[in-house]
Structure formats: structure tokens, C-alpha cells
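You will see two complexes here that share chain A, one where it goes with chain B and one where it goes with chain C.
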Partner chain A sequence: MSTRSPDSPPLPEPGFAPRASVASHEASARSEPLPMSGAKGAPLPLLAVAVLGVLVLAGISLLIGVSHVSWEALLAPSENQRAVQVLVISRVPRTLALLLAGMSLAVAGLIMQMLARNRFVEPFTAGTAESASLGLLAVTLLAPGLPILARTAVAACFAMAGTALFLFILRRIPLRSALVVPVVGLVLGAIFDAATTFFAYRFSLLQSLMAWTTGDFSSVLRGRYELLWGAFVLTVIAYVVADRFTVAGMGEAFTTNLGLSHPRIMALGLAIVAMVTAVVVATVGMIPFIGLVVPNVVSLIVGDNARRSIPWVAVLGAGFVLLCDIVGRVVRQPYEIPVGTVAGVVGSLLFLHLLLRRDDRVG
Partner chain B sequence: MSASALRLEGHERRLLLLGGLAAFCVVVFMTVDAGGKWDFVLPFRARKVATVLLVGYAIAVSTVLFQTVVENRVLTPAIMGFDTLYLLLQTSLLFFLGSRTMASLDSRLLFTVEVAIMVVFSAVLHRWLFEGGRRSVHLLLLTGVVLGVLFRSLSSFLQRLIAPGEFDFLQDRFFASFNNPDPDLLIVSALMTLGASVLGFSLMRTCDVLNLGRDVAINLGVDHRRTVSRLLAVVAVLVSVSTALVGPVTFFGLLVANLAHGLVRSHRHVHVLPAAVFLAVIGLLGGQLVLERVFSFGANLRVIIEFLGGLMFITLLMRGVLR
Partner chain C sequence: MSTTPRRFPTLLVALIGVAVIALAVFFARGPRAPAPDPVPSEGAAAAPAPGAGRTIAHAQGSTVVAEHPKQVVVFDLAALDTLDALGVDVQGVAGEYFPGQLAKYADAKKYPRYGTLFEPDYEALHAARPDLVITGGRSSARYTKLAAMVPTIDQTTDDAHFVDTVVGNTQRLATVFGKEEQARTLVEALKQSIATLKGTTASRGKGLIVLTSGGRMSAYGPGSRFGVLHDTFGIPPAAPSLKASLHGEAVGSEFILETNPDWLFVIDRDAAIGEGGGAQRLLDNELVHQTTAWKQGQVVYLEPANTYLIGGGIQSLRRLMEQISDVYAKPRQPSAP
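Now for the complex of A and B:
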């Protein structure tokens, strides 16, 4: 993360307290100020630095690739038509897709963590992404002719159903510990995955399945990524209603006490998360751990107020995906390593770090 | 089994029943639809059955022993990422040695070396995970699951760095699969399993004591640390064997071990271990039979096992087995 906010303030060790589930006895251990207290606002200039960092990464992302594209060639377009074409048809869409996917996935992760009231949840660790790809498979099998928008809509429905099932199972688990939650999600994801693989195998679709489960931006071209703008719109909506998620994150009773409808906020949040996930899975595939790692890091920097943290989450999410993609493209030129794989390695390492650095407080 | 076979106790009767069912599966698998060409069918199927028996045995025994060591019914070597660790090891060996070096080495020797490294690795992993103070089971579980994801991603990362030709080589090595077992590998695996079993057998009674919990076991005079590291070596060998033969099967061990505990209703390893092995054989051979003959599906068994095992895992959690 250091590349994007090189001079982030020394983190005041707030610990990695899960956003207290009701049954969690770890709740008392949180030394973090309450979300609404706003004592820990990170200065705006820092956010500007982060944005600048992401822009630099985006610039790098535009310039690397098999076909040589240099600034000089672009500045003298008459001599080198090809560079401009490469840029417009391939590079710019790819970089935009990376930015959009990173932003929306990270924010989706944040929302999910607030709704499930658990810091280890994200579309990848809650079965959402897997159920979305099950939905895609169902469309491919049953109605192959549907336009991409309809396919995505079906995937979103599946994603929502899968996530609802996840939340339902969570409610049924006695002695819910914050750490069991992602395990349930990962296993649920494995179950969906098994079902998907089963049918894909039966109908010889394993290869297409591989293509849409591993996050990969190498096939992004103009005309093939625009749906991701939809995910961006959803992210903006999330920002607009951010305060509601903050409130919902404090519990059902608290929410109701403030005169808000808890189920309605939950439904709204679920819908946003499911649609974002479905769009990303349908266009580029799964990118694990972004929605998990980024919000957690942000929460260390700016605290838990959604209104304040969403811009950070979006910016750092975009930066994270960009960085993973750049690494994947540079390591083995001219071949590529899909971003999903790179994110799997980096993300799981970061996640392990987040998990194990708090072990002194787990009895 | 006691000498007076006429008066069997409940769990012994159930054990016999399971054994009989397993044997029945083997016989049916060997003979069904042979079409008279016995001299071809029998050796061909025998190799398949041998693989299944070996894999079923390895998975069942390693899971039961591992659960005894960690004193928990939900953790299994596969869930803790052990078999993905083996895959990673395979991939990195190819990555650093290259296929030419690997092909020039004796595959049996190579496998032995891999298993040896695996034993060392799992010992280190275990020390790191289990002996760093009193960590909660939940933390362990989550760490294991994420380690699994990490190992898997790392392997596929390395696989992407490997040239396509080399990758084919790797894939051949990875999954001998039930249908096409490598006879050399099968023999080495069998020998290793045998060796591990001898070691495990000598510890069987101590395992019953371990079941009482770490503190009680130590109190009763068990050298806990030594026993546990030996048992884990056995587990590591068995995990390597099963992964080398058919690849990772995350939830199969969980399914078998928990069914075995539930069915024999005995805490003694003399009863639980064979029950788990029988169940594994029934599950693999019987499942394959049903799939092939009844539904005429292909080799989808692993996927179905994953599905059922995952369901069982969640059921276990909902019943509050994990504390």
C-alpha cells in the first residue's frame, strides 16, 4: 500500500477489532473511538496525495504492454497512428476498467462488512462472487442468446440469493465468533463452486468457467467493459446513502431507534453489493481480497464513518487493482499473469498479516 | 475384534457391516460389466481399485489423526491448507529445477524427496500455528483457510511463469487420477503409506489418551510434543500420498472422519480408524459406481464430494461443534 500514500500518518495502533458482532466478547477490547466521534479525520491533502499516486499508476498502466506506446508517439499523432489506436481501443479501456473495478469492489467490500458487522467479509469470502458465476453459468446454459445486460441481471439475482443465504446461515450459527463468519462464507463459496463446476463439466463449459472466474483484464477492449460504469454508478449511490450504512453497522436496535428501517437498509446494501459483484464477475472475473484488505487498511487510517471512508476505500481499491495488474503485466513480459492471481497472492498475505498481528489479544 | 465372534458389541457389529460393504463395493467394481475379457479387465481395474484404496486410506487416516492432534472435529489437513502446500511444493520444484532435470531424476526418488520436504514444512507450519501460545480455534481455522488460498494462488502464479511446454509436464505429474495411475508412483506411495502406518500403529493407544486433551495426556505421562510431531509426520506423508495420486479433495476427509465418529460411537482409534477407511472406500468406489453405472456421468466424483462435504461442514458449524 505504501506506494499510494507514502506519508500516511503513524498509525495510532487502534488494533484490529472486528466491528463487534453482538455475541462477540472481543467487542469490549476495541480501543477505537466510536465511528461517529470523528476524532480521527485524516486530512484532505493526504487523500489528494493518494489520488495523485493512483493517477501516476494509471499513467504507467497506459504505457506498458506489448505494443510500444510512448508519449512522444502520442504527441506527434500524424506520424504514428497506431500508437493512438492502441491507446484508444485497448489501453484506455483497460485502465478505466481497472480503476472502476477496483473502486467498486473495494466499496462493495466495505458495505458488506458494515451489513454483516464483521471485518472479514467481502464478496469473495461470502460466496457472493461464486453465486454470481453460478448465475452466469445458468444463463449460458438456459438462455445463451440473452444480451449481456440481462445476463448480468440474472447473475446479480443469484449473487443476492447467495448472499442472503450466507446471512441466514450466519444467524443460525451458535456462539458466532467474528472469525467463523468468513470461514462459513468461503465454504459456502466452495459449495457454489462445486455446483458450478459440476454443470460446467457436464456441458463442456469448464474453459469458459475458468475465463470468468479468474480476474483478468487482458481481453478488455473498447465496447467490452462499459458495463463497469454501472458499477461506478452504484458506488456513487453507496456514497450518497453512506450514513445509513454507518448506522446499520451499529446494529438493528440502534438503527430502529433512530427511526430507520433496518431491513430496508440491508436490502439496499445487499442489492448494491450483489450488482457490483455481478457486473465485475461478468466483465472481468473475480478479484479476491480487495474488498477485504482495502477497507481494513482504510479503517486504520480514517476510522469507521462510511461517509468519510468511502472516498479512501475507492481510491485505494483502484490503486490496489492497478498495482496488481501492473505487476502481473511486468513480471513475465510479453505474457501476462491475470490480476486475480496476483491479487490472490498479495491479498492473502495482507489478510494473514491483519489476522495474525492481533493474536496477542485473542485468548 | 474379540475371539468370541458370536457376541459382538454394537460398534464391532457396525464395523463389520462397514467392512463388508466396502468389500462388496470392491468386488462389484472389479466384476461388473466385464464382458468376459477377464485377463484385461481384472489387472486394469485392480490398479484403479488399488489407487482408490490407497487414497481412501490415506485421506481417512490422516484426517482422523490430525483431528486427534488438534483436538477438534472441524479442522482437517486439507482445510488447513496442507494439500495445497503439496501442490505448491510440486510447482516450485519444477519452477526451480526445470522439467528436464525433473524428468532425468527417478520419479520414485523425486517423490520421496517431495514427501520429505513436505514433512519438514508441515512441522514448521504446525509449530508456527499451534504452539504460538493459546490461539483460538477460529483464528487457526481462518488462518488455515487463507493459507490454502495463498498456496493455491502462489502455485498458479508460478504456473503462469512456467513455459507452456513445461506446464504440460507439470499437469501430467499433478494428477495421476483414478483412471490412469502411474504404477511406479503407486508402489512408492504404497510403501510410504505402509511405513507411516507402522509408525501410526505404534501410537494408536497413545492417540486414545491424546483424545482426553493435551493437559490430561501430559498428566498421564504422554510425551505430548514428541507424540504430536510424530503423528504430524504420519499425516504429512499420507497427505502427500493422496494429493500426489488424485489431487486435493478439500472436504472428503472431513466427511469421512465425522461420519466414522458418528457411526461407531466409540472414541478408540482401533474402531474409528478402520471405520473411516471403510467409509472412504465405500464413498469413493461406491460413488464412482453409482455415477458411472446409474447416471452414466464421467469422473465427477470429486466435485460431488466437495459439495456434500461443504454442506456437512456448514451443518457442523450450525450445530455448534466448533467451540
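Now for the complex of A and C:
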């Protein structure tokens, strides 16, 4: 660990980060920040409102499903054993899983954006999720009997290797435009995806692959989601070391100037992102856009200081996934629409809105 | 002033012109819509023995087929299953995985491969020039392209009239290969066992069909891909509102709990294609444990490859029925399988 506390130097707002002082290609790699308002710190009451909103959504999530569960039924548990059972076995785990996955994926997206110094990347556009699912496929083919923890560990290793390759490529190629970074990520992701599809096709696993990679919480029950707490722990770690990511987000030279080890921070961030992605993909599948949209929305509200934005990103990420899953459960009751599908639709609309709004400001 | 009256007719003329062209295109395309007809006749011209052919009607039109086709390539496991039952030898198959009763076709030296069930190897087919190609189910989408090359018949089954189409397909193959006698025996036996099974299922409680794949579940109802259990075998549906759809409806364990079937029929898709299936692991949970099906040990794991992969063959249908007859014949067990 580095010797100096990262809190000590007064941090400039990363949006207006160093220009000439940073090596030239690194400076050009930095994407333009999305327009920021109120960057000087968000009022805490607003965060409390957001937390309250997520709690309300969680309450709704507890009451929605095929079985009849209502507050009245829960208040008279002796007569409504079934309702209490369903709540404990199915609803609470599902709601917790949604909260945990939402929080950790959104924060992973934020870290990813800081490490790649670009606002358009997230685990699902940078090859992380694709390499994780390649890892899962490899486990399924080579060692189908492995317990979920081991499967996840293998997926995490693949995800780490994939993401490291992404960051390595980014360092090697001249980045003339902010859009090159996500394009590289998408290309790399597509290559992993092609490999996965090839093997899945050869072994007639295409449909299973589809099923397990589409984000879906319908199989979440007590005893089948607990791994997601691991992702939560990683998110907490990310919060603890948040300032380091803020600094790393300003470039290698800047980080080194502050006496921090840039490679170490990169490795830590990489590990967190890869493990979170692997855990989420292995337990509930892929949920696209959340890591992209949520951090960008949050940067509009509170700016780019990681310590300040991580709570926001976590809360809004949880809310986003909760809302998508509630929609997916309600639209076709008693059947479900996977959360991955809903998040894809909602997330892409939100993202388009963000992009267009940005043009408005510029033009 | 003068431009307004002139522009209006111009616009009108333009509109009429567009309308005429549109109508012309519409009607010019109209009569061509039933495409399969002209295509097979083209294929028929390629048939080796002119005059010796017969017109065979099938799921996607009709085709002139040589009297006794010798070189036969099959792109459908159900058709392969039925041909096997009829005692017809084939010269080429597709795909990699030949489960259960079809195991002998896995010998690639004896039965050369012409692509996969989804994607024929057109070049190999072109070189081999078989007398007859049979498509169905997964390969039926390639019918038109194949029919333009070689005489092709399509054996796709209709989920809404499953047994009727299986019988029709068997009779069609029997006509093509002159195996009417064998077909009659097979169909009679099939109808008899359907009648027997129907008598035992109706009063034994409601059933729910669930397919598992990659850790997710989907439910199937009457008229669906596996609806034959309800429609023909007479098992009352536990969730009659399930609409027919190819890939079922995504459901969770809560749905099974609320539907509370007396019989739970499980098709483990991943096991069907030879990968370690996780259906038992998926269903072995506290919610499913509360259903009547679980408590009475009436969770039936249908032979996955037979049900999912082969499906509409006459042997596979018999095997499916035998499996269900067996579980209905057994005395009730207190614990789960």
C-alpha cells in the first residue's frame, strides 16, 4: 500500500483535470465530461430522498409476484403461513439480490470509467462481462460439476484477464477521440463473444448460454443468491479506497506525482470490477446499461469525486435494477420478462437521452 | 395565382402514378406468394428417373419424388426416428448428437454428415445429389433452398394437431418408401396406447410441463410444443391459461407453488443435448417442496433427448407415452425421486 494518505492533497475536480502536465496521449484519452451541474457537492437531503425512493421500491418488490403476499397477510402470520413463507423464501432474497446486484454493478461501472478514463465504458461494453461468460462456458464444458463458488472464481479470472487486456490495448493505441475507447471495448467484447458463441454452437449450448447470460432474477431463492453479498463487500471496499480511484482517474503521471502507485490502483480496481461482474453474471446473468447510465446521471448531480459519488451510484443503481425487475414482473403476470431485457430497453432510452441532452448543451 | 391550379393536377398525377405503381407491384407479387409450388417442380426436373415419380403432398407444398428413392438424406431427428421404425435405411444424416434409439447414426463413416440440423452443407449435398432430402422442425426453414436443389419433403409437425401430424408424417414416409404395412401396424399400436393412456390420466390430477435450461424455467401449456401431454394424453392442465408458444413462458418457483400441480413434468433441455442437467438442482427448493407433485413423488423427469430433440418421431412418441404410462401405473411414493 502507498505511504501517503490520498486524502491529504486538495483534489481538483476531475472534470477540469490536468492538461499539459499529463503525457500527451493520456490527455487525449480523457473523454469530455458530460455536462455537470451542482458539481460542488450534492445536498445530503437529496440522497436521503433517493434512499427513501429505493426503500419504497423494495417494499413494492416484496409484494409483487405470483403468490399473494400483502401487508395484511403478513400482519396476521398465524393465518397466512404461506404468505410469510413466500416472503422469506422468495421475495426477500429476490429484493436483496436486486439491491446488491444493482449497487455493485453500478459502482463497478463507475470504477471502470475512472480506470479507462472514459465515460462510455462499463463492464458490459469493455469485454469484462463477455470474458466472464466465456469463463462460465469453459467451466460448463470442462468441469460441469463444480460448485457455484468455484465457477464464479473461474469466471472472475477470465473477467480479470479480459479487462486487463482491454486496459493494455488502451495504453498501446493512440486515442484520438473519446469514442475510440468504447469502440475498442465493444470490439474486444465482440471477439470474446464470438469465441463463446463458437464453442456454445459446437457443443449445442447456444440456448443455455442465452438463458444464463440474460439477466433474470426469477430463480433467486433463499440459498441461491448469497454470493451477491460478496459483490457488496467489494463495493464497500471500493468506497473505502474511493479517493485512490479519483486520483487514478486523473492519469498515471498525476497519480505518481501524488506518491501513489498507479499500477497498484489499477490492479485493485480491475480486481473489483472483474469479481463483481463475474459474481453477478454467474448468479443472475447480465444486466446491461446500468454501469453506463447510472454513473453518468450521478456525475450530472454530484460531479466526479468518487467518494462523493459512490453512495449515489450505489443507491441509484439499486433503484434502477429494482424498477426494471418490478416492471418485468408486472407487465405479463404471472409470467416474467427477464430484467436484462427490461434494463436493455430502459437503459438504452436513458442513455440516448443523456447523449442528446449533451448535444443540446454543446450546440 | 396561376401556379396554384397547375400544381394541384401535377401533385394529383404524381399521386395517381405512385398509386398505380404500388398496385402494380402489389398484384405482380400477389400470385407469386405461394412460392413452394414452382420450386419443387424445378427440383422434380432434377429427379433422376423421369416419369417414375409420384407427387407427395407435405407440410410445405408437394414434391415429385422418385418411385423408390435410394439416396436419402435426413435433416430431422423425428423423421429419422420414424424411418428407423419403418425399417428404411438412409444414406446421410445431419447434426452431431444422436441420442437413444438413434445411436447407430452416430457412426459418421456409415452415415455421412451433411451439415447440422439448422444449417445444411449445400456443397456436399450438391455433390452427392441424393434422390430425396427430408427436412422438418429445426431444418424446415431451409426447405425452400433445399427444394430448389434436390427433391425435398418437409415433415414439420403441428403442435396443435401433434399426433395427427405424426401419423400423417409416418404414412407419408411409408408411401414414399413402400412400407405401408409397417406403418399401419405402428399407427394402430400408437392409437391403442393413446386410448389406454387417456383412460388412466384424466382422473389422476392436474399436470404442469416445465422446461429448464441454463438455470431458468419456462412453462408450457395445451397446444404448445409439449402440449401433447394435455391435448392427447388427457392430463388436465394445472395452468390452462398458458398460451402456446415455441419457447414457453418464463416462470419462477413461485408460479409452480401457486399452480400447485399434482404432476410436474420436467424436460431438462441441457441434459437433452448431453450436458449435465441442473433440473433437479433447480427444482429442489423450498417452494416446489410444498407442491402436491413434490410431496407425492410425482415429479416426472421426461426422457430429455427423446422429448426435446426427437419429438415428433413415431418411436419417440411411443417412448414418451410408455414413460408416462409407467409413472401413472406405479403406486404413489411418499418421497421425491
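Points worth noting:
Keep this in mind: the second predicted complex is superposed on the first by the 317 of 363 C-alpha atoms of A that agree within 3 Å, B and C clash if a C-alpha of one lies under 4 Å from a C-alpha of the other, contacts with A are read in each partner's own complex, and residues count from 1 in each chain.
In the analysis below, a contact is a pair of C-beta atoms (placed from the backbone, for glycine too) under 8 Å apart; a residue touches a chain by one contact, two chains touch by 3 or more.
Keep in mind the model is a prediction, meaning the values are calculated, not measured.
Judged by the number of chain A residues each one touches, B leads among chain B and chain C. Once the two complexes are overlaid on the shared chain, A:V345 sits against chain B while remaining clear of chain C. Once the two complexes are laid over each other on the shared chain, residue contacts for A:S219 go to chain C alone; chain B is not touched.
In the superposition on chain A, contact of A:I337 is made with both chain B and chain C.
In the superposed model, A:L209 makes contact with chain C only, not with chain B. Within chain A, the residues touching chain B in one complex and chain C in the other are 332, 335, 337-338. Those residues of chain C whose C-beta lies close enough to touch chain A in the complex are 96-97, 213-217, 219, 249-255, 257-258, 269-270, 273-276, 282, 285-287, 290.
Those residues of chain A whose C-beta lies close enough to touch chain C in the complex are 65-67, 85-86, 89-90, 140, 144-145, 203-205, 207-212, 214, 216, 218-219, 221-224, 332, 334-338. Across the interface of their complex, chain A is touched by residues 132-136, 138-139, 141-143, 145-147, 149-150, 152-154, 156-157, 160-161, 250-251, 297-298, 300, 303-304, 306-307, 310-311, 313-314, 317-318, 320, 322-323 of chain B.
Across the complex, chain A meets chain B through its residues 120, 169, 172-175, 177-180, 182-184, 186-188, 190-191, 193-195, 197-198, 201-202, 288, 331-332, 335, 337-338, 341-342, 344-345, 348-349, 351-352, 355-356, 359, 362-363.
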